[in-house]
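To start, the structure itself, in structure tokens.
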């Protein structure tokens, strides 16, 4: 299949969005859903075709000497800032872009299908705004696809904004609920703040490299910023600000942009709230695709980051801390979606850390394929995580749809009633916990190896977080499906959902089982050359052991109803509450935005405007008015008064003139 | 050197002008004021005669003394109540007027004495201003001719007549 | 006459003919008034399209002169005042913008009451001034048209406005007139130094070519002219007419005023102040750059706490128009192109905002966001329009705001000195603040539960309202999706100005 | 005839009464409240100016007649003006029953 078909992959969702958005309102609700699914199916098939062609197909310029090259399919000018600085809207395929095509279309397809069932009530009637929902899904898919095939940094920024908006619209889908509006607003503004840094980063970077393009195009004869990263850095080397080079600043700012989308600490606060959106949306956007945009961004600029070690260290620290922080919170959350959201944050932080450690030196490098290992592991984990996290969210959606609550104390013991869901969830949990042979094991193992390469401390830290992952995932699992007998409501007992909802679960579960065997090391590497890896038995065994300990602990505490969890919570009340309240980050933000910015800046400025500036101009008017009314008295209409003034005026002038004549 | 008659004439005219002017503005009764004005106008007419402008003197008497003053008298009689003939002046107003008048007079006098060269002149000899000469100038369109202002004044008088009729007509 | 063969003059003639037609309409029936007004507006849009075509043809045929479609007609020979017509890319896009906003404005004031005929008379007089300003390149003629555009505002607000309209109309007119006074001083000063030793002239091109204004004079005349136009461009601290004026003005007038009239300020700033006095621009630019930088952030912060929809928009206009002047003062082609894009973008989306606010206000009779909520359920069309306008305002890619802001930021970042860097980064912060206040309004006004049960009976947009808003939305989307078309028209126009600036250092 | 009283009747001597007359006119105009009295003062001032015209003509330019003609026209115009003014005053009196200038202020505003 020609790689230029990628255009269709991008265009179909866009057309779908326009069609459903403009015409859909007039159409039968179900029909729009089916149309959306068909459109998505075509997109998915095309995307698979393109991606597989890129990886395995006949050579279309993507392989040179066994090294995969980036292929620019299409790259027209979109906006010319100056002769050299041009924003292009193009399509570029390279290993990660092709992989992302598969991830996005797969999850999106599953979500489209799943939503057919989920967005209906129990009688099978589609919800209000069904058409809008599918239009927004198409818009999101388009934006995300546009983001991953971007040929230049600015295009990524553009689609960053687009996915942000689609996310905003979908989180706020239930726009009558105040919580949803609040969450959507929060998500948009926090990511917007991060995008601001991203923008500044782009401005700095493009100023010094004089291009936005990643790779130069032979047609235009220009060099991109990744063609020769050293040269790009050298251009910025002379400039420095506050002791760091301009490039370090730029890359850090760009990372902050990515951190906003990828919910790194402290910009993570929007993601748990984003769960106010419909659950399939959470699966698609806030678990599988959009939230990894930040990881993708850093991976995209990896050649630059590798050289600029300072920025890399920041990413590493932030990632490692976030992984632990989110895992700790996930251990105590009672809302199933919240817990999954924190798990997502933690897992994305794994990917970030993995990218950041991959440039570390050390003797292990020679054995394990050099500094591309972390990069490869990160991308691989991105892929597997997307699958099993989507699976987990869709399962959660099925459960919520069945019991009408997000809280796990409303669930308990559902295993009997929803066996398919239960098995699918279990597979997801095993995958994320890193139990072989499920997908998560393979990718997480690589990440841990890369972390040990960076330093033994990093490795231990990440292993510990991996153990926590296993613990909190199985905590959720046991609390939902076991713990104690479910109180069956008489009107409708929870049961497995219709086939539109279970089929995606089964497919994703299957993928989660086998995805680990994808030869990622051969396909997805930062320089395109295959990476030779081998299983590091020490790391693998330890990590499996730690995961098992985590699972065992969860089994002990949560499989059967027992007072142990409550006792622990009571004993460490302070810690437990802090973790449950997410370490008060939301309150901190609330304080800054409301008390400091709104009350402390906006209100005084508005007052200042009315009182001082407006007051000044009003005062001018007032003074004029007063003086005018004062002067008006002079215009009395009394002729004699005029004569006095006139006569004495004339005398005065005469006298003055006389004085001048005399002297 | 002037003849004594001239000097006496001069003093009579000048004194009557001064005295009656002052009386005109200082008397409280309007009717008297108008009468004093009449005397002033007569004295002025006499001055014109003395300056060898008999036509001007005649006009002065006919128009001013004969016309305007009569108008004044009529309007005074029409507007005055019999009992409020005395007009009282407030002190500050009076003094302000005196100061203004004196200051003006003083300034002008200073200017006059500053131009002693002109002011010291005597009356030069002059041809008679005959009526013929006057009429020619008045109706001439040549240089020094006054036809245009003459016509303008006639239009003005017409406008004035019409205006007077319109204003005075009872609506 | 030769001048009638120039298409540009018709941009003045058509509104005047419309005026005449309106004057002939009967006072009673509104149908004839509407017909004439719509005909005039449509003719203007058609003319604007034709102008773009002619412009592209001329440029395509290799006509690289600074201004094309030049015609001079002597007006008052002793002072060498001419009716000098000519356009470059910037004028062309501004004319197109004005035509579309007039078109949308006519439909937005479809149900104008009372005195529809008189309203449209003044409305078209205002348009005459606006178009006249953009087509002329003679200082005197420009100033005359500028005044023609300003004066009708007083009556339009004072008679057809709402709220505290007398105060607002008076304030707006007086402040803008105050600006004009500065401007007139500046123009007279320029005139008397327009030529070193020959015939004095009012023609901008000749003045720029002569480049004869002495440096010490430039230092006086530049602030006068810049402030004169800056008042209209809502530059801090001369912006306070904007919130009150916009709040009281009727819908179409707000649209035209924020959409086009405020652009006269930005246009004049670079066409007259900077182009003719490049030395002073280089010397004093930093003062105004600081002021406009303050405008951007200050307007955005102020907008965050307002509760009246129109006030929010007016402060947002202060912020966005500050961006225009900010970009103009960056003195490079990219930023200046961005400024023009921002003028286009702000003109369209603010007009859209005011149109929508007017339509909502016409139904609910309140503009206080605390009294409204859940409008999306009641009037989905207007709600979607408002969200789109909001997204354009906060810079969603694919809509015009993004393109404009990014061009400005990239252009502004071309200067490597710390002062401009800091200002640029401060200006970029406004994109976050903008998001805050836009989402705040959208959340309170459109989403959530219906606040007032009586609002449930309200209807969605009528056909003329749909037409009016759809026109603007489509324009916004076209600029956002195909920016290079506009950039190509605009950017070359700045070469002479940038050249003058670099030579004057 | 040479002995006794001798004096030269210079221009100055004639100008002094005219000046005093003007001063009286000013005083009257400023102080009087009755409109007719004001008109009378006005006549005084006009008259003094007339005298000046005649005097300057006679003393300085005896061959010409400008001063005389000016006076002539001034008299004509004064007559017209007085007639009109008095007509107005009488009309005002009809309406306001008063000719005090301080009380006739209803035309204002």
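Read from first to last, the chains carry the letters A, B, C and D; within each, the first residue is number 1.
One rule holds in what follows: a contact is a pair of C-beta atoms (placed from the backbone, for glycine too) under 8 Å apart; a residue touches a chain by one contact, two chains touch by 3 or more.
Just so it is clear, the model here is predicted, and its values are computed rather than measured.
Setting subunit A aside and leaving every other chain in place, the chains that still touch one another form these groups: B, D | C. Here the spacing of subunit B and subunit D, counted between their Cα centres, is 5 Å. Each chain gets one centre point, the mean of its Cα atoms, and the points for subunit A and subunit B are 103 Å apart. Spacing of subunit A relative to subunit C, judged by their CA centroids, is 37 angstrom. Inter-chain spacing, taken between the CA centroids of subunit C and subunit D, is 64 Å. Counting partner chains per residue, subunit B has residues 96, 100, 104 touching two or more of them.
Shown for subunit C are the residues in touch with two or more other chains, of which there are none. For subunit D, residues that reach two or more other chains under the stated contact definition are 26, 30. Touching pairs of chains, sorted by label, consist of A-B, A-C, A-D, B-D. Residues 1-2, 4-28, 30-34, 36-37, 39-41, 43-44, 47, 50-51, 54-55, 58-60, 62-66, 68-69, 71-73, 75-84, 86-91, 93-94, 99 of subunit D touch subunit B in their complex. Those residues of subunit D lying in contact with subunit A across their complex are 26, 29-30, 38, 101-102, 105, 107-108. The residues of subunit B lying in touch with subunit A in their complex are 96, 100, 103-104, 107, 110-111.
On subunit C, the positions that touch subunit A within their shared complex are 170-171, 174-175, 236-237, 239-241, 298, 301-302, 304-306, 333-334, 374, 376-377, 391, 394-398, 402-403, 406-407, 409-411, 413-414, 416, 424-425, 428-429, 431-432, 435-436, 439-440, 443, 446-449, 483-484, 487-488, 491. Subunit A makes touch with subunit D in their complex at residues 636-640, 643-644, 647.
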